[in-house]
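Each of the next two complexes has chain A plus one other chain: chain B in the first, chain C in the second.
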Partner chain A sequence: MKHDVVIIGAGVNGLTTAAYLARAGRKVLVLEQRAMIGGLCSTEEFHPGFHANTCIDDTGWIPPSVMRDLGLSAFGTIAPVSMTIPGSGNGPIVITPDVRATSESLKRYSSSDAAKWPEFCAFVARLCGFLEALYTVRAPAVESTAPSDLLTLLSLGNKLRALGKRGMIDVIRTIPMSIADVLDEWFENETLKGALSTLGVLNVQHGPQSGGTALVFLHNHVGLPLGAIAGRRSAPGGVGALPTALAAVVAQSGGEIRTSTEVARIRVQNDRVAGVTLASGEEIGVHTVVSGADPRRTFTTLCDAGDFDPDFLHAVDCIRMRGPQVRVHLALSQAPTCGEITIAPTMSYVERTYDAAKHGRVADHPWIRVSIPPADVSGKHVVSLQVQAAAYTLRDGWTGATRAAIGANVVQMLEEHSPGLTQTVLHCEVVAPPDIESGFGATEGSLLHGELTLDQFTFARPVASASRYASPMDGLWVCGSGTHPGAGTAGISGRLAAREILSSKVRK
Partner chain B sequence: MLIARSSSVSHIMAHRSKSDMPNHRLKPTPFHDRTARLMLGQSWRRWAGFTVASSYDLSHEREYYAIRNSAALFDVSPLYKYHVTGRDAARLLDRVVTRDVARAKVGQVLYTTWCDGDGKVIDDGTVSRLDDTTYRLTAADPNYRWLGDNARQLDVHIEDVSERIAALALQGPTSRTILELATESSLEALKYFRLVNTSIRGTPVTITRTGYTGDLGYEIWMDAALAIPVWDRLIECGTSYGITPAGMLALDMARVEAGLLLIEVDYYSSRHALIEQQKSSPLELSLDWTLSLDKPQFNGRTAIRAEHARGAAWKFVGVEVDWTSLQSLYANVGLAPRLPTQAWRTSVPLYQAAGGRQIGYATSGTWSPLLKRYLTLAHVEAKYSAPGTTLEIEMTVEHRRKRALATVNALPFYNPARKRA
Partner chain C sequence: MTSHRYDAIVIGGGHNGLVNAAYLARAGKKVVVLERRHLVGGAAVTEEIYPGFKYSVFSYVVSLLRPEIIRDLDLPRHGLEILPLESTVTPMFDGNYIAGWADHDLTRREIYRHSPRDADAYDEYGHMMHHMAMAVKPILAMVPPDPTSLAPSDLKGMLSFAGLFRSLPTRQFHQLYKLMTMSAGDYLDEWFETDVLKATKSASGIIGTFMGPRTPGSAYVLLHHYMGEIDGAFRAWGFAKGGTGAISKAIASAAREAGAEIRLNASVAQVIVKNGRATGVAMANGDEFHAPVVVTSLDPKRSFLQLIERKELPAEFVRDIERYKIRGSSGKVNLSLSELPEFTCMPGNGPHHRGAFSISPTMEYVENAYDDAKYGDFSKKPYMDIVIPSMIDPGMAPPGKHVMSIFVQYAPSNITGGWNDEKREAFGDAVIDAVTRFAPNFRASILHRQVLTPADIESITGLTDGNIFQGELALHQLFFLRPAPGWARFRAPLKGLYQCGSATHPGGGIMGAGGRLAALEILKDVPR
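Presenting the complex of A and B:
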């Protein structure tokens, strides 16, 4: 056999796995169905001369171990972004990594909120510190009594204990809460809470009042410095720069990457992987296949159903994918005046966008986060919007008119904050969940490869019987965002998957 | 107490309208109109939501002897039945069951088990190939959902025909003669585990040469709405050949003699097991012969092949209680041996010989009036499964637990040539 391992998908985790395996001497072949590498971390031209991060603006936290191992120190300097919240009367609230400056900005609306801000930042950092520890080890095996598993649990337990009594209670109590309840405990200003609550429902079809959205909020802050509540932006060069750097590592280590190469079927023989069949009909024989595709697509579309026990496939069916996010990219003739604002005036407003989604409607008033890609990414004047307005499944289906209406609506909403913007729009590109599914293979347009909620977390991600990257099928592994720790972290899944693969008895 | 409670329940029920409670009552089978008239002892029992006879007479003895000496007629309509049709029907069944369905010929019937992904038995039953793309699966438990779960990516239609299809079992040495009279055709050519389509008094029937008694016998499958004339015709043709409607008590004794296991008695479905130890693999049930290990796919394949390679830890065997030993246990307390009058379904410990440790347990047992032997079906550790191995079995003699000698037997205990001839 020409290759030891085939990796499906040249996304960040697929490439990370490929890089580690290639460095360990495995003959690696990465197959990417799209014409370019990067998967969901792609920066593409959406209008002649205008570029944007098609799906996401941030590759997520790259842990120091991955940066060190793969020589990615250029990506070590993350760029925290600010969040501008249009206020009512007293000017905008601006959340920046500068805790004191943010506090000052809050003072105009609530001295109590301003006073609590530093403490809140510390609280988030403390809880995220625990998640950071949880995310860099393989998922705990709840039932296992193997010494290595017990050590993992022990080290996590120690990490928890190190937080002290108060910290332990904070972790255990906060994670299952709704972000609305958490924010209500801390703050009084509705405008602040509305904008912050979007970070608890980002990319999940939930409202701020849904249980477990506190975890989503915390998850979105893992790896960020104290005070960087508004998130970060991949730098430099847009999200596409990381996969490009990873691909270089793969190539240097002798790995091969083929783009425009779609895998149609993972072939099994004698209870183990025997190879992959490409959409072109070409067959590649290989004993190890690592899928960076989402778990639903990997197990129910790329495999023959008869190769798995129906109970396993049922568990895979039960993974909530539900991509709620619509991306809107505007090509503009001149820079907008609104800055990187977040339009989510209250938590009820955000909750109502979820109400629309859960009933299969497009929200009349979606919550919107504006990001303005730097010139090195966009080339020209571009505004990229995260618009959480709808659901993958709409009662009346997704049509061109649905997309156009969302585009027109958000332009009109932006017009209020950036007067005259409408006249400068050269092109409005709407990327709806079904477009993310068809264009990137992400089931139901889930940018997370499965909602990152408490029931789809650590040892339950993607499903309990595959939480350590090995699937029930000998030779088939998963490494994508749908695995632990998954979306929002860059390369950890890939690194941990590679480690499991290298320590297993792989048949060459 | 029991009587008082049930009468108060019926008192409450009398005040409800009938439409309130259709699902709370056991259903009559398609033959109920006939079986109810024969029911002398009011000894009905529940089977899959239906009422069936435990025995029609006050004692099941006559019914038992009919199985071995003439012909017993059982109403087995409560069996779960599924029709699987379509281009991928064989593929679906091959994913589910352990036998090789694709290789079955039209008109062939396969006894088989089916397993979960860990290779533990969910249920056992038969697959009949009715035509090129139509199969009938019979099962002890509901399996509609499980079949559906396995039908992913396949072009197949699954229909639950449990209530639409009625079934009778005619078992015993005169069964062929009676059926030949009833169908006005020869059944000479109908081989063991094969089927034929014919009709009885105008009702189209499928006759399979199958059964649960280990004797010469047939099962007759028909439209439930047209079932009664078939019963009547069989009784008519069978009376001079000793046809005897029989209930589950007689059947239970016969199936122990035949070494046929019973779900929820001799093994637990992996769907119902509360703990791992309650589950059994086909190998542990000594059903090795039902495994087509070379089939490319079937649920549990990997686990079963691995278990096959290392050897099953348990085996399912016949264990006969030693008469002399049993007699002496009773003699020690001044009694003649007492024997069960019905088959029992409890777990009875089995030990190494000479007072050793427990190495297994019997799950069914009966005194065989025909063989004059005390027979049990048992799970034993594999190294104690060789026929001829001497064991001890727990026997309660005058309220005290004793151990009688017992010997491992090959199954079936009773295997007349006419079964397959």
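Presenting the complex of A and C:
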């Protein structure tokens, strides 16, 4: 066989796995169905001459270990962009990693919130510190009695204890809470709470009042420096710069990447992986296949149902994917006057956008986070928006008119903050959950490859029997965002998956 | 001013307070229970609001009452008789219905009518829930250990707690994890396809909580309610002969027999604190009761924020109690009827009238009911659990007439603008409209109606915000976090002060576990 390992998908985790395996001497072949690498972490031309981050604006947390191993230190120095909240009368609330400056900005609205801000930042950092420890090791096997598993549990337990009595309670108590309850415990200003609550429901079909959204909020802060609440790590050159850097590592280590190469099927012989069949009909024989695709697609679309136990397939079918995110990219003839604002005036407002999704409607008033890519990325004037407005499944279905209405609505909402913007729109590109599914292969348009909620977390991600990257099929592994620790962390699951693969006794 | 001296004072004569007093009295302690109202029971009372018509005013069914309490206190001898509640019928909008009967196989036949696949799944679901409930059951009798403590007793407790989970087969462990973290709706989606079946089943995940069937956390409440169904004493939900108040009366009788004194119309104004310890209580009328042990069965907001001066308690504890979530979400409508309701889906009178009716025709119906409440209004089309006690226990209403108990969700305690008479009546009307939609003769059959909003529940029983569980059964308020981290072992951060209400582990429902466990803890601290 020409290759030792085939990796499906040249997204961040697929490439990270490839890089680690190639550096360990495996002959690696990465197959990407799209014409370019990067998957959901791509920066593309959406209108002639205009570029934007197609799906996500944040490269996510790249832990120091991955950065060091793969020489990605350039990505470690990115100063996170935080959040600007248009205030109600007294000017905007600007959240930056500078805790004192943020406090000052809050003072105009609430002296109590301003006073609590530094403590809140420390609270988030403390809890995230524990999650970081949890995220850099493989998912704990809670029911296992193997010494190595007990050691992992013990060391996590010690990490928890190190937080002290109150810190420990804070972790245990906060994780299952709703972000609305958490924010109500800290703050009084509705504007601040509304905007912050979006971090608790980002990319999941939930409202701020749903239990477990506090975990989502914390997850979205993992790896960020103290005070960088709602921070976003936007790489110079756009998020696509990260997969490009990873691809270079793969190539240097002798790995091969083929784009425009769609895998149609994972072939199984004698109850183990025998290779992949491409959409073109070409067959590639290999004993190890690592899928960076989401778990639903990996196990139900790329494999035959007969290859797995029905219980396993049922568990895979039960994974909640539910992408609620719509992306809108505007090509403009001149720069907008608004900055990178977040429009989510109250927690009830955010809750109502969830109600719409829950009942299969498009929200009349979606919550929006604006990002303005720098000129070196966009080429020209571009505004990119995260719009949490809808659900993958709409009662009336997704049509061109649905997309156009969302685009028009969003432009109108922005007009209020950037007067005259409407006249400058040259093109409005709406990327809805079904488009994310068809364009990137992400089931139900889930940018997370499955909701990152408590029930789909660590040892239950993507499903209990595949939480350590090995699947029930000999030779088939998963490494994407749908695995522990999940989307929003860059390269961790790739690194951990590669380590599991290298330590397993697989046939080359 | 009169002064009285006892070994222990129990504040509140609800079922937990009474259980607590009974256990303390049986251990030879001189105990007094102080109840503000003219009758015992708290939220477990039967009252003849209209002549001849007896209402289980608040709590109306029982299943969770701990069998060891029934045994220890010999409650049947004190008059406790549980009559089975046979069935649940859910009328649907199209004139069809789905029913659950006491007979498992009959229920499967009924489900088969809607979906052969679900009829199969129902078997497996039943087994799984049974295993889950069996696995969790020992926790009900456990004193929660403190996970932050390195004391041997806490470490031992944590080990046995963890052991409980680790002893489960892998598949069951993961199912239990799902139950602890998911929404009832999502969990049931994994099992069934019939919408009305899921809507009816998910309802037990929302009862008493401010959650919708799609809110994560509601699957645990489903399990919490399921636990009663498998306990040895009675197989299913039951109805106490004489109404729910009969349970309280039986416990009170057992307590009295053991030597406890129960004082009615005795309203506690304050816990007396001397030199950092609780030494008794001062009554609204100026009397004082003194004892080295003071046990409160009230909810923690009332106990620690109203009956005790803040300066006597650690600031961190007070903050935790302030943060304790206790939103009221349910209302109650009690009716006297001239005739039985005739449901379009099941014409005529029949055995189904001896069971419950669930107004949960679709998942969306229940979720919409929740949506109304989320934004500060009562549900225009509410979810309801209806029983006709006079069909089970004829003594509840005069011959030829009936009483009906309607548990309603959602009625938020924090309704926009606050509750008033007008809103109460509008809420009552919405309830009657929603039932009449399925039983056309219903509206005309009503002789008397008693509508209870969370504000009414609070003013009558004293339950803060009218929350029937004395605080939400949410993951962050269970076990060692109930009601506050570090204070889940029935003690309070004041020497001599204990807590035993539903706000303690294991939580709400007529369980009595808090009352019993608290008594056992007190007896460890106080020499017999």
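One rule holds in what follows: the second predicted complex is superposed on the first by the 508 of 508 C-alpha atoms of A that agree within 3 Å, B and C clash if a C-alpha of one lies under 4 Å from a C-alpha of the other, contacts with A are read in each partner's own complex, and residues count from 1 in each chain.
Here is the rule we go by: a residue touches a chain if its C-beta (ideal position, glycine included) is under 8 Å from a C-beta of that chain, and two chains touch if they have at least 3 such contacts.
In this text the structure is predicted, and so the values were computed from the model without any measurement.
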Which superposed partner A:310 touches (first chain B, second chain C, both, neither): first
Touching partner for A:1 - first (chain B), second (chain C), both, neither: neither
Touched chain A residues, chain B compared with chain C: C
Which of chain B and chain C A:176 touches, first, second, both or neither: second
Which superposed partner A:162 touches (first chain B, second chain C, both, neither): neither
First, second, both or neither for A:472, with chain B first and chain C second: first
First (chain B), second (chain C), both or neither touched by A:151: neither
Partner chain in contact with A:351 - chain B first, chain C second, else both or neither: second
Intersection of the chain A residues that touch chain B with those that touch chain C: 311, 314
Residues on chain A engaged by chain C in the complex (per definition of touch): 142-143, 145, 161, 165-166, 168-169, 172-174, 176-177, 181, 185, 206, 209-212, 311, 314, 318, 320, 348, 351-352, 355, 358-359, 453-455, 460, 464
Chain A residues touching chain B - in the complex, by the definition given at the top: 269-271, 300, 304-314, 472, 474
Residues of chain C defined as touching chain A within the complex: 147-148, 165-166, 168, 170-171, 173-174, 177-178, 181-183, 186, 189-190, 211, 214-217, 316, 323, 325, 364, 367-368, 371, 374-375, 474-476, 481, 485-486
Complex interface listing, chain B residues touching chain A: 91, 95, 116-118, 146, 149-150, 152-154, 296-297, 299-302, 305
